[in-house]
Amino acid sequence: MIAVLSQGASPERTEHLINWLKEQNLGVHVSHGETHTVLGLIGNTAGVDIDMIQSLDIVESVTRVSDPFKAVNRKFHPDDSIIQAGPAAIGGGNFALIAGPCSVENEAQIVYVANRVKQAGANFLRGGAFKPRTSPYDFQGLGAEGIRLLLEAKRATGLPIITELMDIRTIDLFEDVDVIQVGARNTQNFDMLKELGRTRKPVLLKRGLAGTIKELLMSAEYIMASGNENVILCERGIRTYESTYTRNTLDLSAVPVLKHLTHLPVVVDPSHGTGHTYLVEPMALAAAAAGADGLMIEVHNDPGCALCDGGQSQTPDQFAETARKIFRVREAVQG
Amino acid sequence: MIAVLSQGASPERTEHLINWLKEQNLGVHVSHGETHTVLGLIGNTAGVDIDMIQSLDIVESVTRVSDPFKAVNRKFHPDDSIIQAGPAAIGGGNFALIAGPCSVENEAQIVYVANRVKQAGANFLRGGAFKPRTSPYDFQGLGAEGIRLLLEAKRATGLPIITELMDIRTIDLFEDVDVIQVGARNTQNFDMLKELGRTRKPVLLKRGLAGTIKELLMSAEYIMASGNENVILCERGIRTYESTYTRNTLDLSAVPVLKHLTHLPVVVDPSHGTGHTYLVEPMALAAAAAGADGLMIEVHNDPGCALCDGGQSQTPDQFAETARKIFRVREAVQG
Amino acid sequence: MIAVLSQGASPERTEHLINWLKEQNLGVHVSHGETHTVLGLIGNTAGVDIDMIQSLDIVESVTRVSDPFKAVNRKFHPDDSIIQAGPAAIGGGNFALIAGPCSVENEAQIVYVANRVKQAGANFLRGGAFKPRTSPYDFQGLGAEGIRLLLEAKRATGLPIITELMDIRTIDLFEDVDVIQVGARNTQNFDMLKELGRTRKPVLLKRGLAGTIKELLMSAEYIMASGNENVILCERGIRTYESTYTRNTLDLSAVPVLKHLTHLPVVVDPSHGTGHTYLVEPMALAAAAAGADGLMIEVHNDPGCALCDGGQSQTPDQFAETARKIFRVREAVQG
Amino acid sequence: MIAVLSQGASPERTEHLINWLKEQNLGVHVSHGETHTVLGLIGNTAGVDIDMIQSLDIVESVTRVSDPFKAVNRKFHPDDSIIQAGPAAIGGGNFALIAGPCSVENEAQIVYVANRVKQAGANFLRGGAFKPRTSPYDFQGLGAEGIRLLLEAKRATGLPIITELMDIRTIDLFEDVDVIQVGARNTQNFDMLKELGRTRKPVLLKRGLAGTIKELLMSAEYIMASGNENVILCERGIRTYESTYTRNTLDLSAVPVLKHLTHLPVVVDPSHGTGHTYLVEPMALAAAAAGADGLMIEVHNDPGCALCDGGQSQTPDQFAETARKIFRVREAVQG
């Protein structure tokens, strides 16, 4: 870590800072320039509070030389991690095609959709049982019953299931769930991350609503530092000023950036990431072309409900067509 | 609520949508224009999922006529809410000057700071016991012991205390805490909000890291809808592209906007909102001028640690000077 | 256009507003609801200042029913526009592969790069003569001499050339340039847009640094409304809070959104959009998969300068490899 | 400037980089750490292209030790600059209260408003003659005739006038204008800035729509580097994800940050910065409390048009009340 001191930092305060840094068990290499003094910090700087040091008025800027994340860092683990979830695997060339409805509604629905997406090539079933809703007056999901229905669909199709945990106190309900999803509003719910770190269950960790790439990696680090190595990262769109035509801005450059920084697999959610069905296919294909290890796509059934044809969910037929193209694009970029 | 249908929406799908809306117990008033059909929805639209309807491809845009928040809405509760917390009150002309260290470190520290800020005019003591940290390797706070020390400082000074809850499973530790803080990373931890709604304890709810004003109000609505009316809102800076010179962008316009929309008191945190001591005083004065019902300011002691003079915390002497000016500005804008 | 009036808007002020709207030659359809009065405005609302009406305190919200853009609107021009530039065309299935150095440096460089990118499949040559630089102390480009060198490369290879106009007073220098680029800092330089509208020269219009999709379309509308139909849109990354690992956030969802809203061709610039060579290929492939009509990629030569291998530019060899994959991905998504 | 090289940067490429840097006339101090090599660059680094170096794949990060701006830098010019404009001055304790209508409409209007705002304490008159409009179909201002009318109002009241330049080719029309405004869409119109640098006319430079503080300073540097020292900076709200309740997010922390970094005066525009009349007064008072050197407020007249009472403009009566409070707040913070 390198700290550039402010022009005019007094010798006394500079010395105080150097002494304090040494007390944190850091080696300090001081270099006096023409206008600025520069401190090079050596040793384990991962635990140093960069924001605090940055905020000191005798400090002009601080730069980390080494990354603050270790367990997730590709530098220390060059090979892709492969996460096994039931019969399916993600990472290291294994592609996860995750599909299913936004909310689990009833057994017929979830089993029907599971069968259809499996036929189309999906190897994971997703479905919401506990739903995070901005408004307390909106439908909050079927809860425990929703998980029970997902398990029925798993039995019927053999597909491993992914569903979201919202309250750490309900974790026992997730015993037979294959992958636990942490939603965008809980990416920095650190106590939940620590608790998930104590299990050995694969965790699909979504990027925060307006989370940085570094924050996503640090949240994954929380899980891994607590002992669970089975972490899957998920880009799901970030909040920007553009919200007229897309609900979020899907940051596909996060895919190659994450693949560069970490060995963990990276999945993309083009359904929440855009908010409109007509954007799901082009963004799914783009994600595959950018090197994603998987895709998570909302698929709704309800062939009798013409209304449902239009939301951010695809119909099973649309999904089958998109899946076919996804596999073609994967071939094209590998060739 | 008004839904404008897409040009070229087919009569069949339009009818499907209208029927579906009627099944949600809404009155639907249809108006066919030259190029577009417009639906006016009447009845309780608060529970209608505007994002879902917006995402339908036969819908071009949706506008709410009435606000999605009710309990927090000033329209239905024109008078300012006054929240009582021990001997102090916030709202309706009662100003909360909340001060204290970022983290509770030991008894001497917290009692010393509590005495100093009380002398300067503070009527609340803040201090972190459980600390949300981006990195799992950073200091996570003293936890239960930190709360015990805050209670010592409360006994010594009579100041009501505010501290942050991070894990709903630890809520019993907060029995004697006067105001429970919900941090920016938990603003949309809906299960925590519901649980806090079941207490009668005042809650200081921080705006999310990149939270909208509407989301802040909807999160307050979660607490109030669950039965707890004692909610205090807190602006603490939002995430923007400008991060070179300030850690966050303190959105002071949120103060008059919130005062306009809701009867709940609004507090501003200029310390986290800017990240630099030299910005705390001007932003504190600006917040007071903009009509805030309170300020939350980090004050650190440690007169022996020259280092600590510089971070985002003020020293007790700096705080006393700032407090004096805050009261002058409040007089000026009221006169 | 639909205006929802505030609850409690007085009859007098409501009437004033209605009269004023009628004076703007709009039909006004008034509908009194339980809590709100809603005005439906009929006629040519494109010239109505929505921001002004929105800002009125008796108005709660305003929604446009019809788009504010006409000439660029796909609704009125369903077929893709095809822009011809010298021997090459863009749009309607014609793909533009635009490549070349960030800055033109000398004749040997630009001719060498032009030959190499042409071999690899590029059908346009780009190169900066006038360079917009944040700092007045940075290299500002070769200017007129740079354009002369580009024309040499055009003569040598037959490739049509694209280069940026920064000052409308220099437009005469662009007589033999095939496509005039408007940079991200001039997207809303309305007087420049009007002037370009008076030519018949193809214009490549970049999205603003933090420009919305609607603003990009309105700026294209400025050019078309002034009489020039040859407009190409370019997504080049937008400014977001994420700036640690990417210079901008490349918004690829803008591609299918723009293709949906307008008949104009859409090109993507993954070099400026990411700022790192290692991200150029994956984002180029992703853009092709998302349906872009073209790509603009920085290619630098200088085989003797090992330094130059690393910036956001690709080498000619890297570009050839990327180009090969781009064509494969285009085949995959069309099939 | 400090460049941290990537782990694993080869000795050859490292040497290439070092040699290239030396060719730019920089001293290079190399320090080999355990995991990373760090280069300290000495000499005139203001002209070094930090983005280019950052983008090199052998470079992990680059930190400037010295600011890229010189002429505007308070370090080299500790005293506040005082800009004289006709009878009025800004900076160094001189407060500019700038008021007037958004657009100049006719002589009666502009003279009436000028008289009213002068009575209330304004010492500058503003008014738009050339108007930047997102849509080509919106009213574009009276142009030259608008400037003529402003000069009438100046003659009638003695108030110096401020109005916006949009097209450098019209600069001759601004000969008797006291302060030339550069709008938010032209903050990085570098050719315009250079041209304004060749005059001696005071320039009010607005922050870009989504401009950083550093970019604003660099644009001011363009003007000063070209020879004109009379620059006034203006915060006018930045683009963020929050756009439901405010048009922009007024970044008041930019005021003390700018006062810290530069000697130039800083003015705030709460009218455009918020977009709603009811927010103008609280934000004006907050800006004054934060230490602004001036305020620019839209005031409209038209006592016969009840409609106009509500937009983002204040009435003359509202302005008089706000002005009175502004002066009170200035006293309070100075006392």
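Should a chain be cited, it is by its letter among A, B, C and D, assigned in written order, with residues numbered from 1 in that chain.
Keep this in mind: a contact is a pair of C-beta atoms (placed from the backbone, for glycine too) under 8 Å apart; a residue touches a chain by one contact, two chains touch by 3 or more.
Keep in mind that what you see is a predicted model, and the values were worked out from it rather than measured.
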{"item": "Third chains touching both chain C and chain B", "value": "A, D"}
{"item": "Of all other chains, the one whose Cα centre sits farthest from chain A", "value": "D"}
{"item": "Gap in Å, rounded to a whole number, between the CA centres of chain D and chain C", "value": "26"}
{"item": "Intercentroid distance (Cα basis), chain D paired with chain B, Å", "value": "31"}
{"item": "Whole-Å gap between the CA centroids of chain A and chain D", "value": "39"}
{"item": "Sequence positions of chain A contacting 2 or more other chains", "value": "210, 239-241, 278"}
{"item": "For the chain C and chain B complex, residues of the former touching the latter", "value": "2, 4, 7, 29, 31, 33-36, 38, 40, 42, 60-61, 63-66, 75, 210, 239-241, 243"}
{"item": "Footprint of chain A on chain C - complex, ascending", "value": "210, 212-214, 238, 240-242, 244-246, 249-253, 255-257, 260-261, 273-274, 278-279, 282-283, 285-291, 325, 328-329, 331-333, 335"}
{"item": "Complex contact set, residues of chain B against chain A", "value": "12-13, 16-17, 20, 46-47, 49, 51-52, 54-59, 68, 132-139, 166-169, 185-186, 188-191, 194, 208-210, 215, 218, 221-222, 225-226, 239, 247, 275-278, 305-307, 309-312"}
